Amino acid sequence: MKNTSFKTLVQDYKAVFLDSYGVLKNHQGLIDGVQETIDFIRDTGITLRILTNDASRSQEEQVQVFENLGLNGLKEEEIITSGMLARQFLELKITSGKIAYLGTESSANYILQTGLEHIPISDIDLDDLDEISALVFLDDEGFDWNHDINKTVNFLRRKNLPVIVANSDKYYPVSNSDVAIAIGGISRLVEYMVNQRFMRFGKPDSQMFMYAYDELNETGNYDKGDILMVGDTLRTDILGGNKFGLKTLLVFSGNTRSENVELKINSSGIIPDFTANSILE
Amino acid sequence: MKNTSFKTLVQDYKAVFLDSYGVLKNHQGLIDGVQETIDFIRDTGITLRILTNDASRSQEEQVQVFENLGLNGLKEEEIITSGMLARQFLELKITSGKIAYLGTESSANYILQTGLEHIPISDIDLDDLDEISALVFLDDEGFDWNHDINKTVNFLRRKNLPVIVANSDKYYPVSNSDVAIAIGGISRLVEYMVNQRFMRFGKPDSQMFMYAYDELNETGNYDKGDILMVGDTLRTDILGGNKFGLKTLLVFSGNTRSENVELKINSSGIIPDFTANSILE
Amino acid sequence: MKNTSFKTLVQDYKAVFLDSYGVLKNHQGLIDGVQETIDFIRDTGITLRILTNDASRSQEEQVQVFENLGLNGLKEEEIITSGMLARQFLELKITSGKIAYLGTESSANYILQTGLEHIPISDIDLDDLDEISALVFLDDEGFDWNHDINKTVNFLRRKNLPVIVANSDKYYPVSNSDVAIAIGGISRLVEYMVNQRFMRFGKPDSQMFMYAYDELNETGNYDKGDILMVGDTLRTDILGGNKFGLKTLLVFSGNTRSENVELKINSSGIIPDFTANSILE
Amino acid sequence: MKNTSFKTLVQDYKAVFLDSYGVLKNHQGLIDGVQETIDFIRDTGITLRILTNDASRSQEEQVQVFENLGLNGLKEEEIITSGMLARQFLELKITSGKIAYLGTESSANYILQTGLEHIPISDIDLDDLDEISALVFLDDEGFDWNHDINKTVNFLRRKNLPVIVANSDKYYPVSNSDVAIAIGGISRLVEYMVNQRFMRFGKPDSQMFMYAYDELNETGNYDKGDILMVGDTLRTDILGGNKFGLKTLLVFSGNTRSENVELKINSSGIIPDFTANSILE
């Protein structure tokens, strides 16, 4: 593990995968100077992809959010979300019936638009579940926790069907010190209640990296050794990148601080190839 | 494991510990005929205790609830709740500051009346936690799940203090088929979020049985071999009774049905000494 | 989930992925009639791959073992083992130092031949670990359990380095009723001792399927919908196939019996698209 | 949590419970000066008990071991081991058949002498298990790990019976830096293989404390508030003492060092009432 400069290091690679939160932005908005780094990546001719476990927005909406924050020039195809993997699974495996979901109507629109009808948990009738063919945990908003989490538990006690989690993160930051429970956390409670394990999409799962990698190779010719994965979180970005066979760079602009990086690496056993303060230098 | 008659079996013992839900009552109310069995126990001179993980009511309130259901003659001292263990812990270990809680005001009154001030999570100020000395998960009602569970997570990220769970059950039944998540289940979500394990009170923990056993021996002279533990749930009543050294009777009037008892015993490895259809015969 | 005939079903697909143990062979040897089914698959023009978590033998050795059992005509490139994924990881990520391992010398030869020196745990010097750059759990034979598992624990307490498990199975069958602990099981004990999670290769992990899928598409043009995954185990073959987006067939010639399939599916929540008695019909 | 002097603090209590390893001795033998502290406790009229998870020796043998190390004057009744709880369970609950065990013959003699025959796992016949009525994990020596752990797994796959772990520790220290896997660790591997949870005796379980407390009250009159629990390990001594309602003192002469105590307390949520460097001052 060598402490290094991102801008020097990245020039050894043909492509770079960037995590979003903690690398490009934080709870206050865009990290100052990120626009210049993105421009540098483009000018150097390095291919860019952003890999995010945020399943609540489509590629188009993600680009829009970055523009609202002040980061311009991202293309839709440069954004890879865990929700896209969830959508792919549904397209391939769920070909009839209705898809039940926990989340907002807008996130449901983007992920569940596979030709099948989708229905929020609050609207399903527990006594008439025949037509429901899958359940998706989408995001932590858009429903009443007390009522709808209990209803989800009883739904799964009555019917056995594929259950998928579109974002495996347990929480997301809402301020410098505070977090909010993400849908990945809520899904753990339901797993505990019904004593099952659901299908989870998103980093560190290999499928997230495979999706980006396969898509990259549709337009170019990239080996795993040509790609640098950059993230701020050992258990998602670095573990996933390592296992997939990419070189990994841990940055200190988000979840992991340089003061306790050694402790975190030792206690987790997850070792990045490189570290850097941020992608700004 | 022998299938047997409760009324015959119980006569071999000086005392009997009964679980409440699934033995005395179910989601429809009192189980028909239970009054007669309780009277039989008294007439035979057998000492009776009811051991329940319901921490939401005091002994006095529990007796009142049974009377409302139609079961008369229970005495306050015959009821042992997991909440009494939580209260004992607080009395012994938390001697200053304020006690924060998730639950209803009435459950807080019964458990937290140890001379210290108690304050619901919704009322605490995350920027001024100096005076808070403990956190108690009391019951699943009396708070807004979305807001207050998230607030509890951030509270525990900011301050390290003793956390106790007054009822370790993950759910409770609300109808023949459906359940509701109990505070023991909610506490698991918070444990997962903050990566800690809290102190849990209630069956199958030995302290529940010890509390009843010690209290019994203040007025009489009972060995562990003199006591029969009766319950409907392998993982709480039977596991706890076995480990404490009591003889155990599993009844089929609640969570466990005779059709799948063999499967449940084989997959759990928890083996009751006896089984019976109910305590009615 | 429909009960079906394998030979009828498979004709709807361009390729079939077969698990080895429980599908092609069992503890007594080759399953009678499997040669004829393999011939049928070839005659029908369907591409065949065998996906196995057995990391103890190379592709060449696996073909030889099948021939010794009486199954002829398999080609080396038709065998995909979890060990090949472990080897790929080592090639991409571990480029200097020596690789320590638990297993036999022959399994080490096949997986660790990446240009680096490899050394059994029994030969390493705990006071001189500077040169060791990774640890691989290969198989359950070739070492003294008491001495070398303890030595592995202390090795990992002294040095933090990438640890990979080349076969994630917890056990393998040795007779009709008995099993033996596999290296995946032993690795769990070491994980528990050092409080870390290692990198595991093999089904149900998506990388196993991705490896086979990518390799298939180097010589042809296959969509995920063109492939049928066949296995006898819900938690590896079916879960992995489902999540990767393949259609899945559970057969009853191995770990799962038709009598309790419904129970196993309900308790695991892992649902195959089809079931069949075996691949013989 | 206040840093304090043991000798000053202990005078506020009528009884003191001491952990053995890390408090009285370490891997090099008796901690220098401990004899003087034990004499001080006696001279001050404070009742003493030693609570240890070492199940491999009887009270008599434990006293002998302390004398060999140079600590004189301990009485048999002052030693409480987790093995005594295992023996009590067997006496109360297993009244017929033979008891199978993993461990040495001498540990079996002390724990299993309840009138029933005991038989090492290596001697049982897997095809004739009718007479075996319980299985006990005693200690990590006295058997062949490879052969006998596998045999234990297959034994439990064939017969469902009470399984108890006489020492729940996962490891014990063998030098300043190294540990050895204890029987509690081995039992976890078997639990994982057969997908069950066994009954574990020893700290932090309440029964260990209850046993000592009840025995104390047979000869005197002690409240929980009269007792100080002293140990070097948060997860056993301090967690168990806290939950039982005792005041707890963490010492830095064993598993926990003063440099990282704050980190360990914060990550575990287990908070001692007091800390001290050792029991020497």
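All chains are identified by letter, namely A, B, C and D, in their written order; residue positions are counted from 1 within each chain.
Quick note on the criterion: a residue touches a chain if its C-beta (ideal position, glycine included) is under 8 Å from a C-beta of that chain, and two chains touch if they have at least 3 such contacts.
None of the values given here were measured: they were computed from a predicted structure.
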Give the chains in contact with both subunit A and subunit C, ordered by label. none
Return the chain whose centre of C-alpha atoms lies at maximal distance from the corresponding centre of subunit D. A
Centre to centre, by mean C-alpha position, how many angstrom separate subunit B and subunit C? 45
For subunit B and subunit D, let me know how many angstrom lie between their CA-based centres, rounded off. 28
Whole-Å gap separating subunit C and subunit D, where each centre is the average of the chain's CA atoms: 40
Multi-chain contacts in subunit C: which residues touch at least two other chains? none
Chain pairs that touch, as defined at the top of this document: A-B, A-C, B-D, C-D
Residues of subunit D touching subunit C in their complex? 126, 144-146, 149-150, 153-154, 157-158, 170-171, 177-181, 185-186, 188-189, 192-193
Complex contacts: residues of subunit D adjacent to subunit B: 88-89, 92-93, 160-163, 194-199, 205-207, 210, 214, 224-225, 239, 242-246, 265-269, 271, 273
